[in-house]
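Structures for review follow.
Below are two complexes that have chain A in common, paired first with chain B and then with chain C.
Let's look at the complex of A and B:
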């Protein structure tokens, strides 16, 4: 019954995507063309395969994860197609691949269950560390790190075939692996960490040795910030660590300490690094250096302002004037062409996704599954919050992708894996 | 392509977007009411501080090895309550059931308002009073 609802909603999402593609065609003066059909086929393949995988190997999975993901990807792909048809063609391939990977994950976990991941936690930790360090490889190696927009978070591989270059962001996958590690680690230790053992003044604090993880977290986030100059990833990792500690122990102490540490680290980063100072000044005074550092933020603001209530219509605005409109700033592009109505719809969809995710975490009886569901939800929630907040100038620009919507294979793959894992966790809770 | 048709399409698209979200929202609402979380078992696995000098809502997860509760720094769970004894009470979990023992405290341990004289089983929703501090099993 509910699986059929899921199928209907996924189909509706795929239809929205092809309707979007058709609108892009109309605006450019073309009648229905092959892109419309290709969009529908890629969505049906990608999300249909996850749906079939759920049906076969996790029949009690929450039926709402997939429709929301399809919806977000549909709006995103419409805007990508409107901005850059070549990227949209690539994105269709990424979609199908990410869908296949997610379906494969559901298949892999079909009999062993999600608990099998708990056993390999140090494997995941090492893999995540290696992935995070990959972008630091020297440029002379066959696999090498690359600096894009001042951040060193890309890895490129020169394929022997036809001299093609394959690039990906290993950090996207690393964050999912780290979440699995943390969930497993905390499932073993949360009791000790939540019992109060001593008091210092008005604060009840846990044993000092239980503070280890949070200090390591702050350190890791800071290292990422220093060596890869990636404000977004470091904040995301830190929020993940602190959020999961809080979810596992229910102690506000960790949130308070986390906030304190992030303030200290933020102040230190501001004092030490030029690129952080530039980000902050572009956030507070985007028009002071309109043609330079503030350009992206300012263009995003113009785009959202001209979008007004219902937007210019797909294909009728000028979102191509926003730097990185297909990736980090896709929210501004949607806000221009679909207006406040479209952007509110996106925020509501993310809120729904977070609701469903925390719902799964709350229902889980097993600690590992509970913390994993909470962690994966924190990832999606914090990541979408950080970048949307950056675009609307609630927060400095962090330069991370919007899950499911931005162009990018690594980002889509990570988001699809999160959906597969959440689906599997909710399946195990119902049986 | 005339602007009128494009504008109409835009509005149609937005309407469809919100119809879709409306359906998802309805499904979430119906899903929340039927979760297994509502079918609770009787055994609780945490103690929540309801009233006392310490921070309200503080949660102590019950562990199989048990906790001692009291004013002393040696107690597993320290409560800042002048009416509590150094080592006031002990909470243990056996086979999913939870037992409260009074450790010879001066002011006594109360389960649901009654002073206990022997180890007393408690479940979800029961209150345990130690001194002026009240904890609830959840």
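Let's look at the complex of A and C:
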């Protein structure tokens, strides 16, 4: 029953994506073309295969995850098509690959269940560490790191036969693996961490050996910040660690320490790095350095303001004037063309997804599943908050992707994996 | 053990609420500020960078077109290949100065119909063409050039219409400007210079400036007399050297300070042909304020001419303001004192006489054509007002023809063409007179033959200055235009 509802909603999402493609065509004065059909096919393949995987191997999975993801991806793909048809064609392939990977994950976990992941946590930790360090590989190697927009986030592989370069952001996958590790670690230790304490003055603080994870977290985030110059990824990782520690132990101490460390690290970064100072001043006064650091923020504000309540209509605004409109700033592009109506719909969709995710966590009886669901949800929630908050000036620009919507294979793959894992967790709770 | 997870969920959902509030602030409350910020590149992109349709003349001379940007196919550069020749009518669309002329008033045709309105989307779904439309003007490029040549170096205006349809055949206002220099973001100094130029090159004199019509207004005075039955062409009037204005010490003289004919008696026709102020002023007092203002208003004074560009009304004083002031009636009847007219208004007076008393709505856009050159809609000639009866029009036509054959308008004569017209030399306090000619040709068209009615105006005497008269300066220009269009 619920699977049929899910099928209908996913179909509706795929239809929305192809309608979006049709509107982009109309706006450019073309009649329906192959892009409309290709969009429908790629959505049907990507989300349809996850749906079929759920139907066969996780029939009790929450039926809302997939439709929300389809909806967000549909809006994102419309905007990407409108901005850059070539990227949109690539994005269709990424969609299909991400869908296949997610369906494959559901298949892999079909009999062993999600619990199998718990056993291999150190494998995931090592893999995540390697992935995070990959962008530091020297450029002379066949697999090498690359700096894009000042951040060392990318890994490139020269494909000698095809004569092409394959690029990906290993950090996107690493954060999912780290979440699995952390959920597994906390499932074993959280009871001790939340009860055993030592009194220091008026404070109840955990045993020093229980501070290990948070120190590791802060260290990893700071390494990412320094070596990869990536404020967004480092904040995301840190928020994930602190959030999961708190969610698992319920100790305000972790939150307080986390905030304290963030303040220290932030202050240090501000004092040490020019690019951090520039970013902060561009956040507070985007128009003071309009042609320089504040340009992107200002273009986002112009786009959103021009979009007003109902937007310019798909294909009729000028989101192409916003730097990085297909990736980090896709929210501003959608806000321009769909207006406040569209931007609120997107925020509400993320809020809905986060609510569903935490609902899965709350209903889970098993600690590992509970923490994993909470962690993956925090990941989606914090990531979408950070980048949208940067665009609407609640926070400095962090330069991370918007899950499901931004262009990018690594980001889509990570988001699809999160949906697959959350689906599997919710399935196991129902049986 | 769910409580911390629940709290985490609430915190994250709370941050989403903050996102909604911030987005609402930016898009709904601060939105117009960001949208209209001069640094917002959309303003420029929308106004200037969009593709706009071409504007061509009746004989297919391109006056405006959009060239695609060499590297960014989404944006276009507007080009006005004819530079200043069509500047006031076609106008421009500019980053700094907004839009003017047809570029402004026909914007909806000239830009693409790719909008998000339900009708726009339906239009595309139903197979409609969203690409920008082009405009074909009624203006004849050869006649336009003749008018430009005639006004070279002068401040003035020429407007020619087809009296039967209202189609504008030529429209020139000088001095002009090159719209190409006003498009870009660097046009500030050029625009400031044009705005501060004492010769007012940006002013569209044809429709946006009013001048005392002088003796050309005698067409209306004579029409009032004919319509009211006060006088006919052969009605005789006294022929004094000067006419005393009641209640004042002022007198009215003829142009050469002499009698009109022989000092004894003069017919209305002779007085009209020789443009005698004494006779027409006396007639004006006899007609009175009510009939004079009513007739002028019948010709379109005090009304905004429903043209495709914004026109200022030509003011004729309200009858009540001079009903008890015969001196004012006398001076108004000569097209002086409180009467002012745009060149277009006076061209329509001539057109009314040519067209049996009927004034057609003037129009300059003949056709709207699609991107692939198919005519989508054409302007249909429409009657604006019936100024006078066909009988009065016939009498006036006859008198105006005689004014060209043997009167003040003889310089407007063209061999083997029946030309009708009236000169005007309007006194301007403190400077040389504004000189006029209004008229039309041919008087007796064969079926299907071209016809033209026009007004020629030169500010402050044109090249002749103080010694200028409508007959010596404006009438020869009219002759050239008749020849250019009809020969």
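Everything below uses one rule, namely that the second predicted complex is superposed on the first by the 427 of 431 C-alpha atoms of A that agree within 3 Å, B and C clash if a C-alpha of one lies under 4 Å from a C-alpha of the other, contacts with A are read in each partner's own complex, and residues count from 1 in each chain.
In this section, contacts are C-beta pairs under 8 Å (C-beta built on N, C-alpha and C of every residue); 3 or more make two chains touch, one makes a residue touch a chain.
In this text the structure is predicted, and so the values were computed from the model without any measurement.
Once the two complexes are laid over each other on the shared chain, residue contacts for A:316 go to chain B and to chain C alike.
Judged by the touch definition given at the top, the superposed model places A:362 against both chain B and chain C.
With both structures placed on the common chain, the touch criterion links A:301 to chain C but leaves chain B unconnected.
By the touch criterion defined above, A:370 reaches chain C but does not reach chain B. Judged by the number of chain A residues each one touches, C leads among chain B and chain C.
Look at A:350: by the touch rule set out above, it reaches chain C but stays clear of chain B. By the touch criterion defined above, A:290 lies against chain C but remains apart from chain B after alignment on the C-alpha atoms of chain A. Shared-chain residue A:392: touches chain C; no touch with chain B.
Judged by the touch definition given at the top, the superposed model places A:250 against both chain B and chain C. In the superposition on the C-alpha atoms of chain A, the part of chain A touched by chain B in one complex and by chain C in the other spans residues 23, 26-27, 29, 250, 310-311, 313-316, 339, 348, 355, 362.
Within the complex formed with chain A, the chain C residues making contact are 1-6, 8-9, 12-13, 15-16, 18-20, 22-28, 30-35, 37, 39-42, 45-46, 74, 112, 114-116, 121, 124-125, 127, 129-131.
Per the touch definition, chain A reaches chain C in the complex via residues 23, 26-29, 31, 243, 246-250, 287, 290, 298-299, 301-318, 320-321, 335, 339-340, 343-344, 347-348, 350-351, 354-355, 358, 361-362, 370, 374, 377-378, 381-382, 385, 388-389, 392-394. Across the interface of their complex, chain A is touched by residues 1, 5-7, 9-11, 13-14, 16-18, 20-21, 23-25, 27-28, 31-32, 35-37, 54-55, 58-61, 63, 67, 73, 76-78, 80 of chain B. Contact residues on chain A toward chain B in their complex (touch as defined above): 5, 9, 12-13, 16, 19-20, 23, 26-27, 29, 62-64, 67-68, 71, 75, 190-191, 194-199, 204, 250, 310-311, 313-316, 338-339, 341-342, 345, 348-349, 352, 355-356, 359, 362-363, 429-430.
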